[in-house]
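My questions will all concern the structure given below.
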C-alpha cells in the first residue's frame, strides 16, 4: 500500500510541475502570436536560421510557438492545423518538401491566416504565400565560376566532381543546375563532371565520395551542394594526401554553397576557394517583415516571392565581404561571447 | 488497513477500471483546457478527431498482431509503398523533369499522370490497390511467421526495410502528385463532426470489435496469443489465425495510408516514417499487451485518444522545441508508471478475486 | 534429547479476511524429516512462504534453533541456512551446473572481483559427489534429466551450507530409479543432521521417508505425530476431514463389444515401434510405462500432434489418415495432455472460455460470419462446470490460473466433454492433484465409461491403473511389452514388463549415437 501511495504522490507532483511549466507565459493583450514550424534542424544553416528567427521575433515582443516536425510531413501538417485552431496570427514554415508545403499553405489559406515559407519553396505557385528563397542557381554558378577561374591558372584539364543534395529538394536541383552552367561555360577546362549523391546525409556522402575517388583518383575539383559536408570531404581527401591549402601542387579546388562557419574557417586557412553564400539574415528579416506587415494590415492570404540574391565569397573578395557571410558573423559572435 | 480501504476506494475503483486511460486522458484534457481555452474550440476538436482516425486505423491492425503474440514493425513501410502505388494509379499529371528517370516511367506512369489518369475508375481502382497491396504484404508477413516459423520481429523488420526501400526506389524520392480531387476529399474532415475518415475508421473499428468480441475467430486470436500450444491442441487452426492477423494489420496500414495520403494530397515514399513508435506506444498505453493474448478495440481507442490529445496539447505550449520532446516523454512515462501501478494494485486484489 | 531446529508458535495469516493459516504451532527437532501433507489450499505453501520471508505472519512467531526468526525477504531465509527445492526448479537451463551452483556468489580470487574458476570447479565437483551425481560441473543444465536437476538443486543447497532443506513435491517428474536415488540422498542428508521438510501429495513417499508427519487442513494443523503412527488411510482421512473408504470408486459398467479405436502397427522411428491395440466402447484401457517409454508420444501421435511414419489409425472403422487436432476433434477424439498449464489451459482466460474453446464451432450463428451465440456457449459451459463440480467463482469472470490444480484439471476435462468425445485420451490426469480431487476425477472417468466413452488412460502410477482400468498395456522402449486383463493384474509382472528391454535399449541407443 505504501508504494501505491508514493506512486500517487509522484504523479500528483509531476502533474503540478507540468501545469506550472505550461503556465509560464501569460498572454498580453494585442500581442501578436506567430507559429514557427520547421522540419528539423539538420544543418548549421537551419540552426542559425532558427536562432535568428526566434530571437528576432521575441525581441519584437512577438510570441513564438515553435514546432519541430522531425522530418515528418504529416506531423507538420497536424502541428500547423493545431496552431490555426489556436488562432495564431501568422505562420512561418520551413517545410519538409515542396509538395507538403503546398498542402499546408492550402490549410492556412482556407483559415485566412497569412503564411510565410522560409528558404525551401513550395512545389508551385498555385496557392498564395509569402516565400523567401535564395537564388540557388545564381549563387552556385557564381561560386563555381570563381573556382573555374582559380583552376584555369593551373594550366591543366580539370576533373570536376559535384556532391548532389537530395533530388526531392528544389534547392539542390537548382544548385546542381548552377554548377553545370558554370562548368559548361569552360569546355576547354573541364572533363565530364562526376556526380556523387548525398541525400543530405553525412554517412552516405562519406561512403559515396570514398568510392568515387577510388574509381577516379584524379579528381581535382570538388563542389559540394552544401557546406555542411566539408568534414566528410576532408575525411576522404586527407588520407590520400590531397587535403592541401591553395598554392600546394596537390590542392583540390574546393567550393560549396551555404556560407557556414566551417566554410569561413576553411577559406581563411586556404583549403576552400569559394562558397556561395545565402544571406540568412536578409532572408530571416525579409520573411518576418513581410509577415508582420501582412498581419498588421489585415491581409489574410498575402502573396509575395522574395528572392535572396546572395553572393559568392571568394579568396579574392574575402577581406571586403567576409562580414556579410552569416557563418563568419556567428563565429565572431561566439568568439566575442567567449571573450566576455 | 481499514482506513486505507475507505480512503482509497474511489481512486482504486478508477485505477482498476478498464477505462483508466480514458479517465486519465479526459483529466489531462480538462487541465489543458483550463490553461488553453482553445483546446475545446470547435476547430481544435475537429483537429483532434481528424488526427484520431488514421492513427486508430493503424493501431487496430497492430492490435490484432499483438494479440496473437507478434509485432508488426512493417506497418509504416506498408503505408509508404501503398501510398506510392495508389498514387501512381491515379495521379492526374506528372512532371517529366522529376519523373523521367523513374523506373516506371512509360510503364505505369507518364506525363499524363498515373496508369488510370483521368478515368472515372482511377480513384476506385487506386483505393482497391491500396487495400490489396497492404493486405498482401501483411499476408506475406503472416505466412513467414506462421509457416516458416520465423520470429515476427525479424520478419517485419525485413519487410519494413524492404518495402520502405521499394517505395523510395519506385519514386526516386519524389512525391507523387497531384491526385484527383475526389480522392483528396476522402482525407478532409471539415463537413462537421462526420467526415469520410471517421466513417471509414468507425466501420473498421466495428468490424474489429465484432470479430474480436463476438466471433469464433476472435476467440481464436486470443487463444493463440495466450497459449499457442493449448490452442493448437484444442483444435484452433493456429497458423491460419496468425496469417489473418498480419493480413488485417497490413489492410489497416493501407487504410491509414489512404487517409494520410489524401490529407497530404500526395503519394509519399516517406509516409509515416516516424509513426511506428506512436502506433505501438498508443497500443501499449491503451493496455494491449506486448506479450500477446490481451487487447480490446476500446483500449485501442483510448490509447490513440491519449496520444492525440497529448500531441495536440503539446502543440499549444509556448515551449521551445528542445523541451517539448522531454515533456512528451515525461507524460508518456507518467502514464506508463500509473499503468504499472495499476497492475500492482490489481495484483493486490488477485487473491480476493481469485479465491475459489 | 535433540533441540528444536524450527518452531512455529501460533502462526496465523489471513488474506483479505480469509484465514490461510490459523494458530499453527509446530516444532521440528534437529535432524528430523517432517512430512508435511494437506490438500491444495490447506496452507502448506503459506506456511513455507512465511518461513521463506515471502509473507509476514499476522500473528505468532518462528524460532530457528531457539532464536526468534523474522525474515522479511527470501534472502533472509537463505542467509539463515534455509534452502527451498521447489516443484518448478529454479535453475538456469542455459547455464552450466557450476554456474548455477554459484549464481549468487562465485568464489573469488584473492577477494578481487575475479572468479576463481579452478576453486569453483573443485568445490562443485565435491558437492556433486555429495549428492551422488557423476557429472562434469561444466555440463549445461538443459542436458540433465529432471531427477539430475533436482540433485543439482540439492547440491546448491549444500553449497550454501543449508541446515534446513525444504522439498516441495520433488518426485512428480522423476522416474522410479531417480526417485529411489533421491531418497537415498535425502537419507544421507538426514544422517548428516540436517533438518528436512518434505511436502508431497504422494503419501507412499511420505510414509517411506518421514520421521514425523504433520497434516494441515483449512489452515489448521489437524494432526501431527511420529510417522509410524500413520497409515495411508489415516493421512487421507485427516487431510480430507472424512473417511474415504476406498481410493478408487467402484466401476458399475463393463466395456461394450464395439471397437472405436483401432491402432495397427503404428511406428515413428525414435518414438514408438509397431504399436497395435484396440479400444472398445466403454472401456478404460490403461497404458503403463516409465518415463521415456513412449507412452506420451503414443498419445500425441494418435491425437495428431506428432506425425507417424507407418501404420494406421482407424476411428470407428474409418481410416483417420494422418490426423490433426482439428480432425481428431471432429472424429470425437479428445486429449487431456500431461501438462495442463502449458498445453491444456489458457491460464489468463476466464474458466468459461477455457471450457468452450474446443467446441466453439457448435455455437456459431450467421453462417460463415461465425458469430458466437454467447449465451448458449456460457450456458453449456456452466452446466458442464456444475456437473463436474468445478469449484470456481463466476466462471465467466474467474480466470483459470486462480483455480486449484484439481479444479484446473476438471476444467480441461470439461472442455473435452463439451465436444462430446467418443474417445478420451488422458495423460497423467491426476498429477499434482490432491486426494479429494483425485477421487472426484476417478468418479468422473467411471461415469464416462459407463456412458460408453472409450478411455485411453496413460499413467506412471501403477496403483491408479490397477484401480481404474479394464485392461493395461505396458510400454517400454516405444513398444508394447505386455497386456494384462483386469483379472490378471499383478504389480510385479507389470513392473517386470515395464523394465523389459530397457537395458538393451540403452545399449542400442548408445551404439546408434556412435
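Each chain gets a letter, A, B and C, in the order it is written, and its residues are counted from 1.
What we mean here is this: contacts are C-beta pairs under 8 Å (C-beta built on N, C-alpha and C of every residue); 3 or more make two chains touch, one makes a residue touch a chain.
Bear in mind that the values here come from a model prediction, so they are computed numbers and not experimental data.
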| item | value |
| --- | --- |
| Comparison of A-B and B-C by number of C-beta pairs in contact, larger one | A-B |
| Chain closest to the assembly centre - both centres taken as Cα means | B |
| Centre-to-centre distance between chain C and chain A (centres being mean Cα positions), rounded to whole Å | 70 |
| Separation of mean Cα positions, chain B and chain A [Å, integer] | 33 |
| Averaged-CA centre spacing for the pair chain C and chain B, given as whole angstrom | 44 |
| List of chain B residues in touch with chain A within their complex | 1, 4, 8, 11, 31-32, 35-36, 38, 41, 43-44, 46-47, 51, 98, 172-175, 177, 260, 263-266, 268, 270-275, 311-312, 315-321, 324-325, 327, 330-331, 334, 337-338, 341, 344-345, 348 |
| Residues on chain A engaged by chain B in the complex (per definition of touch) | 1, 3-4, 7-8, 10-11, 14-15, 18-19, 21-25, 54, 63-68, 70-75, 77-79, 81-87, 97, 99-100, 102-103, 106, 111, 123, 166-168, 199 |
| Chain B partner contacts - residues on chain C that touch it in the complex | 15-16, 18, 41, 303, 305, 325-326, 328-329, 335, 337, 342-349, 353, 357-358, 360-361, 364, 369-372, 374, 391-393, 398-399, 401-404, 407, 415 |
| Residue ranges of chain B in contact with chain C within the complex | 210, 214-217, 219-220, 222-223, 226-227, 229-237, 293-294, 350-356 |
